[in-house]
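Below is one structure; the comments refer to it alone.
Should a chain be cited, it is by its letter among A, B, C and D, assigned in written order, with residues numbered from 1 in that chain.
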Amino acid sequence: MPSHYVLTLSCPDRPGIVNAVTGHLLRFEGNILDAQQYNDLETDRFFMRTVFALESGAIDALRDTFATLADGFGMRWSLRDRDVPRRVMLLASKFDHCLADVLYRWRIGELPMDITGVVSNHPRETYQYLGLDGIPFHYLPVTKGRKQEQEAQLLALIESTGTELVVLARYMQVLSESLATRLAGRCINIHHSFLPGFKGARPYHAAHARGVKLIGATAHFITADLDEGPIIEQDTQRVSHHDTPQDLIRIGRDIERRVLAQALRYWLDDRILLNGHRTVVFAV
Amino acid sequence: MPSHYVLTLSCPDRPGIVNAVTGHLLRFEGNILDAQQYNDLETDRFFMRTVFALESGAIDALRDTFATLADGFGMRWSLRDRDVPRRVMLLASKFDHCLADVLYRWRIGELPMDITGVVSNHPRETYQYLGLDGIPFHYLPVTKGRKQEQEAQLLALIESTGTELVVLARYMQVLSESLATRLAGRCINIHHSFLPGFKGARPYHAAHARGVKLIGATAHFITADLDEGPIIEQDTQRVSHHDTPQDLIRIGRDIERRVLAQALRYWLDDRILLNGHRTVVFAV
Amino acid sequence: MPSHYVLTLSCPDRPGIVNAVTGHLLRFEGNILDAQQYNDLETDRFFMRTVFALESGAIDALRDTFATLADGFGMRWSLRDRDVPRRVMLLASKFDHCLADVLYRWRIGELPMDITGVVSNHPRETYQYLGLDGIPFHYLPVTKGRKQEQEAQLLALIESTGTELVVLARYMQVLSESLATRLAGRCINIHHSFLPGFKGARPYHAAHARGVKLIGATAHFITADLDEGPIIEQDTQRVSHHDTPQDLIRIGRDIERRVLAQALRYWLDDRILLNGHRTVVFAV
Amino acid sequence: MPSHYVLTLSCPDRPGIVNAVTGHLLRFEGNILDAQQYNDLETDRFFMRTVFALESGAIDALRDTFATLADGFGMRWSLRDRDVPRRVMLLASKFDHCLADVLYRWRIGELPMDITGVVSNHPRETYQYLGLDGIPFHYLPVTKGRKQEQEAQLLALIESTGTELVVLARYMQVLSESLATRLAGRCINIHHSFLPGFKGARPYHAAHARGVKLIGATAHFITADLDEGPIIEQDTQRVSHHDTPQDLIRIGRDIERRVLAQALRYWLDDRILLNGHRTVVFAV
């Protein structure tokens, strides 16, 4: 009975990579179901994602021998069983539209993952209509002068639960440089503007003041450099002079939850590869 | 035989404005064909645009008496015969996609205006395939140390031709503060980014370097403060990691010409009113 | 202390309508906050929506005298206190993404209305994660041969609860011609295709079979003529050859809930006027 | 000195295809620059597009030996030198916005092709502002009772000029079943509606009558079955009750030229593969 695996890799470009990889899969009788490649001609770096079917018993041997091949090409790579759900922690705050949306999509099977917990600086009752039953909830308030302590608790939770991805679903707290660095590459934030426009706080008020005719949202990996992390997904929507900052906030909620859900879906499907401070997203 | 007129106005908000205006039109047997209003609750300012039909002979009397009414409300206003085409000058440079697009739309009747001239810092032959026959062309090269002189020639042209609007159709020259100030409110520029992101030169290269997932363009009025003028129209389009800066430039051409044409159409149709450093655009 | 009212009307076009209406409001010291007009030159019919502030005590007198004015112009009109929430009933089925979305938006105040009940042909447990606490729920299964009986119960519910609008939030049941006729103009359906393409059942499978490059959704008023009612709102999204019918269903969920919520928001805000078998939607 | 080639193929899916193809390229020291694959799980058919660099002298040997490999897999395939421009004929009528747009893009290098001719049922003067200098023009009027004769002339032109693709740039003439069949797979039409909605003539009037809130355009291959050919590209744009049929025609021009240019670009870049009566479009 075959299982499905997804292999992602990047390495310096040179002839023969695809042939070597597909030859390796073939040797173990793996059957490729989907594949994307990309050559970044600017950096001369090669990126690949392959989904393949394989008799479950053969994966360990394939993985072990692939390591040797990967070394030869200088690959950064990952090989994952698609039937093992990823472990994701959701951080939220008062505005819970992104949290509610992710939970709903997860519940109907649109986002295949294990939720290792919902963490908030607001108590559980805040989310009484979101159907949190059965999901671990952690109330970690951020109080003056004790942010370091709160972040230590958060990090302990992340580690003890085997969390692979942290999602800042409008968490509204700036992570310390130390925590941001620690979570680099495994923490996605939704920023409520079309970056790099309107960095920082209150972007909808800033957008209104500037009189823009479209607003947007950006899902990006967190780095120590605030609002500068690698962008995963963005979208925009038309607004007009009629729209007050409150209208922009309302319209923005729709963009935010759509963009975050898309980014999360890409991540769960191993479609995002880092390319320096940018991303390669194999969208289809 | 009735003519069509368009009345635009803005003034401090207070009860009775619409009633007074419509009453005035009614007194002259004007028939309203289209009307838009907007109250800016933030600044308590009122904006209105009305298209009406009127026996041609009556317009002078209507206008004279309206002036008194307008004074009473503290209005900034404009009353224009729609059958008198606006006078527009087009400034272009080496990249002629916006120029070509505006000329095509003008020729098939989509942009009803009189073109008072095409001005370029490149010679006429540059545009040999654009069908410039019958359109005054002015070759005004910008040479080192003589920008002031060139701008003086340009301004003389604008004034002598009775130009009402100057369109910077990818003109690629930064106007001096003095000229920008002089043309404030009657000069539209197309900027090749989704402002306020990527101000300044080479925005597509900057967008590529930042790894954004959408690019855009912005049509705005020119002010002395570069890239900070009131925004009229913007649009964006999806791009991906595959797209090189050259691809972004190609994709951007489509956005630029679409956004500029839309802004120009709004202007010709008296749909744009200034609201401080923002615009009210009565789009429909 | 002033209240806010919204007046909508349509009538045969003729000079003086706006002046008469604004004059009437002025007489009662009503202050116009927002206004839209539209002349349909094809049918020579005039449409208007006005939001105004008025001392609460004055509304009855204003309404009574307006009736006379309205008769003179042959108006169909409605005058509503914005502080009195509309009464809306939600009909759902197994697929609950539209229901969940409407409930969430209602809960955070985005859709100001009273929910008179949720009706489904599936039992209450189906929606256990949607936070139905405090909302009347009615399980009205549709069983073979008893559709007429079920519809009678439904209609009784609609009438006894003073429901003003029925929302078919992916209800998945075709209303009988008799019920559809009865609810004409006060029942909104979300159809999971970009009408008039792909009428009828399984539109995503039909879209996939045809190989379209965009899919869409349509919110429309129900009429006896299936999938032919007046369209209120539509939207589309890009898909590709990679997308299976299941992918289209997933992508479609996002479009459906967005389009339905927009249509409902327009309705609650009295922005939709019927114009024969089409709609006038004063979107801004 | 290496040249760039593009190889496209489709065949029944089975393990080893990518490995065999990449192995073959590797044997001739071809270097893959870009590659896309797609498995249609419904039909179990595999599609692939590969761009590679190769020393020019090696291409004939590579091609000859590839034929054997291709036979083994039952491939339909094409191998093309990217430096040899494709030969394209443009058919136009009175509405010349698509023709003007394609010509402009071709002139600035956006659409690398040889134009084998412009054919119209209107005389050359019709297009005097489009800069046709140097492009063969053929005036082939369609007159009553002589359509068969006109089509024979057209077909002779297509054949004698070695035309690989015929573009119906709003040609406004329905090809006979015989000619449509003859040109199947090598003739692209732009239809001015979002198919399958509003087939046939006057789609913008039909869209207006139905009151849709978006209009669209569709680029598709021509088949004997009118408006039913494989869809290549589509797009839509928002309209409102304000828009008359004339407005829809104006807005539609922008969609049509954008959609047609995109489809043509895909074709010139060998990104479109037929999959029954649908297409696989390797868009990036």
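In this text, contacts are C-beta pairs under 8 Å (C-beta built on N, C-alpha and C of every residue); 3 or more make two chains touch, one makes a residue touch a chain.
Chains and their UniProt names: A, B, C, D = Formyltetrahydrofolate deformylase.
Owing to the predicted nature of the structure, the values given are computational and were not obtained by experimental measurement.
Undergrad: To reach subunit D from subunit B by way of touching chains, what is the minimum number of steps?
TA: The distance in steps between these two chains is 1.
Undergrad: Name the chain whose C-alpha centroid is farthest from the C-alpha centroid of subunit D.
TA: The chain lying farthest from subunit D is C.
Undergrad: So what's the Cα centroid distance for subunit A and subunit D, whole Å?
TA: 37
Undergrad: Averaging over Cα atoms per chain, report the distance between subunit A and subunit B in Å.
TA: That gives a centre separation of 41 Å.
Undergrad: By residue number and range, which residues of subunit A touch two or more other chains?
TA: Residues 38, 41, 240, 242 of subunit A touch two or more partner chains.
Undergrad: Could you please specify the touching residues of subunit D with respect to subunit A in the complex?
TA: 15-16, 18-19, 22-23, 25-26, 29-39, 41
Undergrad: For the complex, which residues does subunit A have touching subunit B?
TA: 38, 40-42, 194-198, 210-214, 216, 230-236, 240-242, 244, 275, 277-281, 283
Undergrad: Can you name the residues of subunit C that touch subunit A in the complex?
TA: Answer in residue numbers: 97, 100, 104, 107-108, 110, 128-131, 133, 240, 242-243, 250, 253-254, 258, 284.
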